[in-house]
Amino acid sequence: MSDYNFILWIPLLPLGCFILLGISGRRYVKSYSGVIATAALLVSVLLSLYTAYHYFLADKDPGEAYPQMVVLKHAWLQFSPGFAINMGVLLDPISVMMIVIVTFISLMVHIFSLGYMKGEERFATYFAFLSLFTFSMLGLVLSSNIFQIYIFWELVGVSSYLLIGFYYDRPSAVAASKKAFIVTRFADLGFLIGILILSFYAGTLDFSELIQRLVSTGSPQSVAVTTASFAGISMLTWGLTLVFAGGAGKSAMFPLHIWLPDAMEGPTPVSALIHAATMVVAGVYLVARLFPVFIISPVSLQIVAYVGVLSALFAAIIACTQTDIKRVLAYSTMSQIGYMMFALGVTGFGVYNGLGFTASMFHLFTHAFFKALLFLGAGMVIHMVHSNEMKDMGGLRKAMPLTHISFLLGCLAISGLPPFAGFFSKEEILTAAYSSNKLVYAAGLLTSGITAFYMFRLYFSIFWHTPRRMHEVHGEGSVYQKIPLLILSVGAVFAGFVPFGNMVTADRLPLHASIDIRSAIAPVLLAITGILLAYRMYFRQNYLPQKISGVFKSFYNLAYRKFYIDEIYLFITRKILFNSIGKFAGWFDKIIVDGGVNALAATTGRTSHLIRKVQSGKVQSYALYFFCCILILALLFIYLWK
Amino acid sequence: MSDVPLTHILFVSTALFFTGLYGFFTRRNMISMLMSVELILNSVNINFVAFNKYLYPERLDGIFFTIFIITIAAAEAAVAIAIIINLYRSHGSIDVEDAGELRF
Amino acid sequence: MDLYLFIILPVLTSLALLLCKGLRQLRIAAIAGATVQMALALALLFVYRLERGTGNTSQMLFEFRASWFAPLNIELYFGVDGISTAMILLTAFVVMSGLLVSWNMDKMSKEFFLLLTLLSAGAYGFFISLDLFTMFFFLELAVIPKFLLIGIWGSGKKEYSAMKLALMLMGGSALVFVGLLGIYYSTDVAHGMFTFDMLRISQVQMPVERQLIFFPFAFAGFGIFTALFPFHTWVPDGHSSAPTAASMFLAGISMKLGGYGCLRVATFLMPDAAHYYSPVVIVLATIAILYGAFATMMQTDLKYINAYSSVSHCGFVLLGIGMLTKTSLTGAVMQMVSHGLMTALFFAVIGMMYERTHTRMVARLGGLLKVIPFICTVFVIAGLCSLGLPGLSGFVAEITIFIGSWENEDSFYRAATILACASIVVTAVYILMAIGSVVMGPLTNEAFHNLPDARWNEKTAAVMLIVAIVAIGVAPFWLNELIGPGTENIIQSAGRLKPAN
Amino acid sequence: MLADFFILMKSELLLAIIIFILLFIKLSRHEKSNATLLPVVNMLLLVNFAAGFFFNAEGVLFNDMFAENHLATLEKNILNFGTLIISMQASSWLKQHSYTCEFYVLLLSALMGMFFMISSRNLLMFYLGLELATIPLTALSNFDLHKRASSEAAMKFIMSSAFSSGILLFGISLIYGTTGTLGFSSLPSHLDGSALQLFAFILLMAGFAFKISVVPFHLWTADVYEGSPVAVTSYLSVISKGAVIFVFVSVLYTVFKPMTDTWHNLLFLLSVMTMLIGNLFAIRQKNLKRFLAFSSIAQVGFVLIGIYGSSAAGTASVVYFVFVYVLSNLGAFGVISTVSIHTGKEDLDDYKGFYQTNPRLSWVLAISLFSLGGIPPTAGFFAKLFLLMAGAGKGNYILITIAALNMIISLYYYLKVVKAMFMDSNAEPIRRLHTETLPKAALVICTSGMIIIGIVSYLYEYIYSLSA
Amino acid sequence: MSASAVIFYVIAAVILGAGILAVTTRKIFRSAIYLLFSLIGIAGFYFWLAVEFIAAVQIVVYVGGIVVLIIFSVFLTQQAGNQMPRPVRGRTIFSAVAVICGFAFSCMLISRYPFPGHAGTTLQSTVSNIGYQMLSTNGNGYVLPFEVVSILLLSAMIGCIVIAIKSKSIADE
């Protein structure tokens, strides 16, 4: 067992970068800032690869489960003996996998950004924010304590906010950043309450103990949490569902997904890193982290499954209608995360039943590669045509061959065609779903077909179709931009061959599952159908798309308008919540509370005006009052008030 | 003297007292107000003397009190009349209703 | 450590100020005074920890007693525990930064600095006093300077605000005083001998029925200082009309006097009543939290935004106190410290913006990040702290309160906690709206194109506060350890020290 | 016997001597200017005040008609002090006055009346002292001989006080009738609480209440204060009121002890009304003298609370309060009289922007008002709170709460003046004033007194040791 | 009913009748005369009670002093023959009611109070007794009040002089 203390450096290096660049970036190290951040991150990548090597290979005892170990632990905020927010580093297969993904993708994005963001005025700030994000994300995945994860959860949220709002002088970017933060904040409220519920019954905030206490049948905590109930639902289910709500917010699950498409206002590399590969899968990671607890609450697990599959299908449908390429990718991200979610939802606990968990993590892993690839490719395209709209593109394959190829690879991977990365993970997911819930399986299958359709719709529209507006042809991009594309393409192609079942499983024991060819037929066929359909419609200019959308006009419009979810939210928040309650509060404050105070003052003044007549200036009246008061007092004190 | 009960004397003095009060309340001429005050003081004097003679004749407290009251009444009347005369000079009237500039 | 230094120092500073001539001398004297105060506060922290480290577990450290109005059993009785130390530190920080941002106060500068110093003397004295009367003396000492500061140097409807603030605060202290008298006459320590000594009172244990009578007085009285709903209306008007430094003092220190009093006087001395009334307190606090948050959303003036958000944040303090668990009390104290720093920072930065743009209306600002990046960054940091971002102090405090509140099992408490939690969303909404329209967005106003960024004094002030905020946010354990024993004492007095499951 | 007589009646004799010196000066004077007279008088008053610290003894004279004790000596000396301050403040007014000697003779004989009142052990002596303290003052309030307001005020004053002393006398006569005695020492044992005695008691109380302007017997106060010369107003509001309060305390605590329940309730009612009505009227005043009149009415409400406490702390607090009140009110009146004499302005609106032209005077006025309002660190804070503390000792927290809330109302109008001076702007502010030496010295004494006496607790402790 | 009682009631009737007339008649001079009668009646009452000294003082001071002073001032203010202004009606009614109530109330209290009969020695209120006590310092001496009153008279006199004297400036006006 090696000493994992060095692992602390993995998040600390980006943090150091953030502080350095944040404080002095604007003035002193501006031009070097990108290089500094990238170099630091490179070290982090190496360290995390080294960790992974040690954890999965070198230190592995054959036949034993992978250990779950808390490498470091520091009582950050001690509430009472035994109940504290501890800052620690938890190593288990998923966290090790995640640090690899996070650092790696982040490195790719850093490198890409060196070229992509060149010349930006806030170059250093950009890298500072990226470093902050990387640090927070690493902290999130390494958390050993449920509150620690919440802390970093918020931090990734704010880095996402800062990066979405990077182009702060665009009102749309500002609005998007606000929206992203507020929606996820709302979800975090659920997360927070969920944490409070779970930790209250478990009596601890540390993951390992919390899970162990809640899961072990017959333990007082477990009994308490399952017997206590609110509104007929056990506290365990409440807690888990609320925690999942937090995860759903961050992972843009229906109906908390509305922020994700708008978040594409940020610089494209940021979208690749945060809103495709890493941060948005935090919700999946969270569920996976608490998976042992979810297992004992079937209701919440089902919620996870249905929300996941609904999001997957829903997003896929919307993606077919969108014209902004980043939005299409965003919806596809949402859809893919839906996959991961429902994969977790359909998992059971055990040797074979645990397939969904592995599949989910596997898909998370592969998705990171190809989705980052797709986003970076999209970034290249956007750089080229200075537009996000599909109609401004077309026929770009010649102008940007590398992008073209890598984008194609990405599309193939996401469509789940063998032997690309997506195929393997998606296969496992569908297999797991098939064995557990046919309805989910059917929806998943349908989604995979639609996925292939809209991805290739995108592909054909960008690179084939009719060339437009090619007035300025400049190079495809700097070498900084090309290298990540290349590396990620390799990943998109080969990531599927990683023996994932041996490493990342629910019970941390190797899972021996192989792809059943028969079960792979249906999705692959569907995917091919989708691709062909896309080819028919978008390879060249023709009227088929309009026709089809004409036929399904109302449905098309519904999907195009994203099923009016945004508008509904807007109505609820603006009109009802903020306007009514806020206005009411304002009114109440002004009229009732303040008015009360002022009325008191006014009454005093008025009374003083009213009684002024007594002071009439007539000395005889004074004497008369004097005498009457004596009489009254005499009566009072002689007879009434003895 | 012993034929008249003390209370009767007290009734007389009380009546005089309240007569004085009534005068003080209603007379608009300052000098008549002053006269009312004299009536009030005299009723008190009657009280003192009557109490002294009827109830506590072993000492002369009441009688002395009366003497001092009379003296002070004189002093008070003198000052009051001086003030009234001064007021008459500035206001041209000794109607108390006319001296009501200071109010509220 | 001689605690009376905390009173003598400001007094000496004011004397020095009296002798000074011209802005230069004045501000040098003021800053020198503040620096020494700060050093003293830090020294206190150091010595305090040292003393605790040696195993001294007595309730109060560095006790100092001197007779004062002996026939009425009034003493100058000073002493600190962790809570007071934290509050003193807070005061020192806010005072220092407040003076720094008013570096260029050229209107009646002598009076200005003098009043600020007097105000700080009141705050220090309040926090170190262990004698109820002395404490009350210092509490009231701080009211009139605020009145003058707002009325003379303020803006907007300053006279109205100043008057309202002074009267409402005086109303608060009047109630407090009735409460104090009630407490005093309930402490029959020995045959008609009464005492103002808090520690002795807490041992004597007032009769319950008297507690029930006087707790509302003391609590509501102090509550007015800390914006207890529905007595909060002085907060928005007062804060928004006050000059920058006064706003900082007001929100940063003055509102904390109330919270500290609720804790130290009402809860500590009348524990039974505190339990009895805790539902009321909680309901009011929850209303204040949510209501303040929603009311904030409707504001268009930056200072009003921060003022209403202070109402909301101070609601957390009261919630923590009302919940009566050790953790929630700790959280309440943390929230006081955190809110003090954060809101001071906020007001400081709003003041800087106002000084440059001459407006505080959100609608007229926009895109300032381009021209005054430092100030805007500070603004964002203050905002993030306000919305409870981890790594900054606000989060730590709020979370501690939530966890502490959650320790109460009854569903009433649960509901209150959840509602309070819900405010974090609303907070996010209004903070982000403010940031979005002030800092971000296109720079619309032509006049703002050449605004100068922060000067050194402003930078120092902001950085100082940010450092403190981050220090608490990143390493809350030191504050927790500092406060812990103090809240433990209070909760033990409340007789319901809840073992952690 | 004779030595006793000189020592015990020291204060009164000294006053008598000064009065005679003044009379001699007046009679022998050949157009001597006031400029030389005033320093002499003030010096005499200073000596008088200083003498109050020496040769103090306790004892009874004239067959229990006159008693002197340390507390009484202290009280007299507080009044001496106040008179000295008033005399210093009045010097710039008196300089132009043609009857300065007479002014002082009247002033000092009134003071002497108060001394006799304080030392009285007998209702007769009390009554005489009261009249001696009143009649010269009524004449004094007419001393702005050319002003209509002054004669109106004097008329109201003499009429009201004649009326009230009639009522008082009627009460005394009934008490005499029902008890057969006038001596304070023998009265308590004869009081039986019968209806007639209660009636007599209430009549007597009304007489007292009139003098210290307790609502509802206060109506003359404001008119007289407004119309009288400032010096007389301050004398009325501070010295004469203070003296009657001293007597009131000792009479209630010793003579009417058997009727404690009744006067407790009475005081409760009266103090609530006094505070409330005084405050309500004060709020709407524009003339500062009148404003201070009402505010001083409200202050008396607080004093009644202290008296309500009926304990050693009560006595001590009342005496302490009166002293602080002397300082604060004289501080305020000092500024107002300076302004009034130099510019004739007395209205609140005239004081707008006062701070811009006269910062020092503004601070003095502000501090005085703070002290009146009970704001720390001024002595008024302690004084007022000690009154409430003493009152709370009886457990009537309704009264204390009402009082505490009244402090807020009173603060409102004090702050209104402060606001006018410091915050409002004025196109024609009061010009920069030159304060002469004596008034300036008086203001300095008042201000430093207000600040020091509160924080330094010895005075209160001393008073307490005397009243225990 | 004995003669002395009859005399008392006659005196009482004079006192009250003259008193009431004094406060109701609308001629100021007449009012002063009625007052005079009332005061003389009171002096008669003192004679009836055998306190001759007081009776003498009453006549000397009141009749000879105060009433004369009042009449002088009536002349000074040049209103001797004038009708006095009509009283304010509202206040008249109000004060009449108040006074009658007060009177009834007081009489009730007095009549209910059991005044004790006197027992013990009687000190004759002869002039010599009064004179002796007035100036003695021991026993039941009243020298101190005497002195106080003398100061009072002195200051009242000075006050009157200052106020009532016709100063030059006023004369000029």
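In this document, chain identifiers A, B, C, D and E correspond to the written order of the chains, with residue numbering beginning at 1 in each.
We adopt the following convention: a residue touches a chain if its C-beta (ideal position, glycine included) is under 8 Å from a C-beta of that chain, and two chains touch if they have at least 3 such contacts.
Bear in mind that the values here come from a model prediction, so they are computed numbers and not experimental data.
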{"item": "Labels of chains that are neighbours to subunit A and to subunit C", "value": "D"}
{"item": "Mutual neighbours - chains that touch subunit D and subunit E alike", "value": "A, B"}
{"item": "Chain whose average C-alpha position is farthest from subunit B's own", "value": "A"}
{"item": "Taking each chain's C-alpha mean as its centre, the one farthest from subunit C", "value": "E"}
{"item": "Chain whose Cα centroid lies nearest the overall Cα centroid", "value": "C"}
{"item": "Pair of chains ranked first by number of touching C-beta pairs", "value": "B-E"}
{"item": "Interchain centroid distance [CA atoms averaged], subunit B/subunit C, Å", "value": "65"}
{"item": "Geometric centre distance via CA averages, subunit E-subunit B, whole Å", "value": "5"}
{"item": "Subunit B-subunit D separation of Cα centroids, rounded to whole Å", "value": "27"}
{"item": "Distance from subunit D to subunit C - Cα centre to Cα centre, in angstrom", "value": "42"}
{"item": "Overlap residues in subunit C, where contacts from two or more other chains coincide", "value": "none"}
{"item": "Per-residue multi-chain contacts in subunit B, two or more chains", "value": "10, 17, 20-21, 24-26, 28, 33-34, 55-56, 61, 64, 68, 72, 75-76, 79, 82-84, 86, 89, 96-97, 99-104"}
{"item": "Overlap residues in subunit E, where contacts from two or more other chains coincide", "value": "88, 91, 95, 98-99, 102, 105-106, 109-110, 115, 140, 142, 145, 149, 152, 156, 159-161, 163, 170"}
{"item": "Pairwise chain contacts under the document criterion", "value": "A-B, A-C, A-D, A-E, B-D, B-E, C-D, D-E"}
{"item": "In the complex, subunit D residues that touch subunit E", "value": "16, 19, 61-63, 65-66, 98-99, 102, 105-106, 109-110, 112-113, 116, 124-125, 128-129, 131-132, 135-136, 138-140, 142-143, 145-146, 154, 177-178, 194-196, 199"}
{"item": "Subunit B residues touching subunit D - in the complex, by the definition given at the top", "value": "10, 17, 20, 24, 30, 33-34, 37, 40-41, 43-44, 47-48, 51, 55-56, 61-62, 64-65, 68-69, 72, 75-76, 79-80, 82-84, 86-87, 89-91, 96, 99-104"}
{"item": "Touch list for subunit D against partner subunit A, complex", "value": "155-156, 159-160, 163-164, 167, 195, 198-199, 202-203, 206, 210, 216-217, 219-220, 222-223, 261-262, 265-266, 269, 277, 280-281, 283-284, 409, 412"}
{"item": "Residues of subunit D defined as touching subunit C within the complex", "value": "312-313, 316, 370, 375-377, 381-382, 385-386, 388-389, 392-393, 395, 397, 400-401, 404-405, 407-408, 411-412, 415-416, 418-419, 422-424, 457, 460-461, 464-465, 468"}
{"item": "Touch list for subunit C against partner subunit A, complex", "value": "164, 168, 229-230, 232-233, 236, 291, 294-295, 297-299, 326-327, 330, 367, 369-370, 373, 384, 387-391, 395-396, 399-400, 402-404, 406-407, 411, 417-418, 421-422, 424-425, 428-429, 432-433, 436-437, 439-443, 475-477, 480, 484, 498-501"}
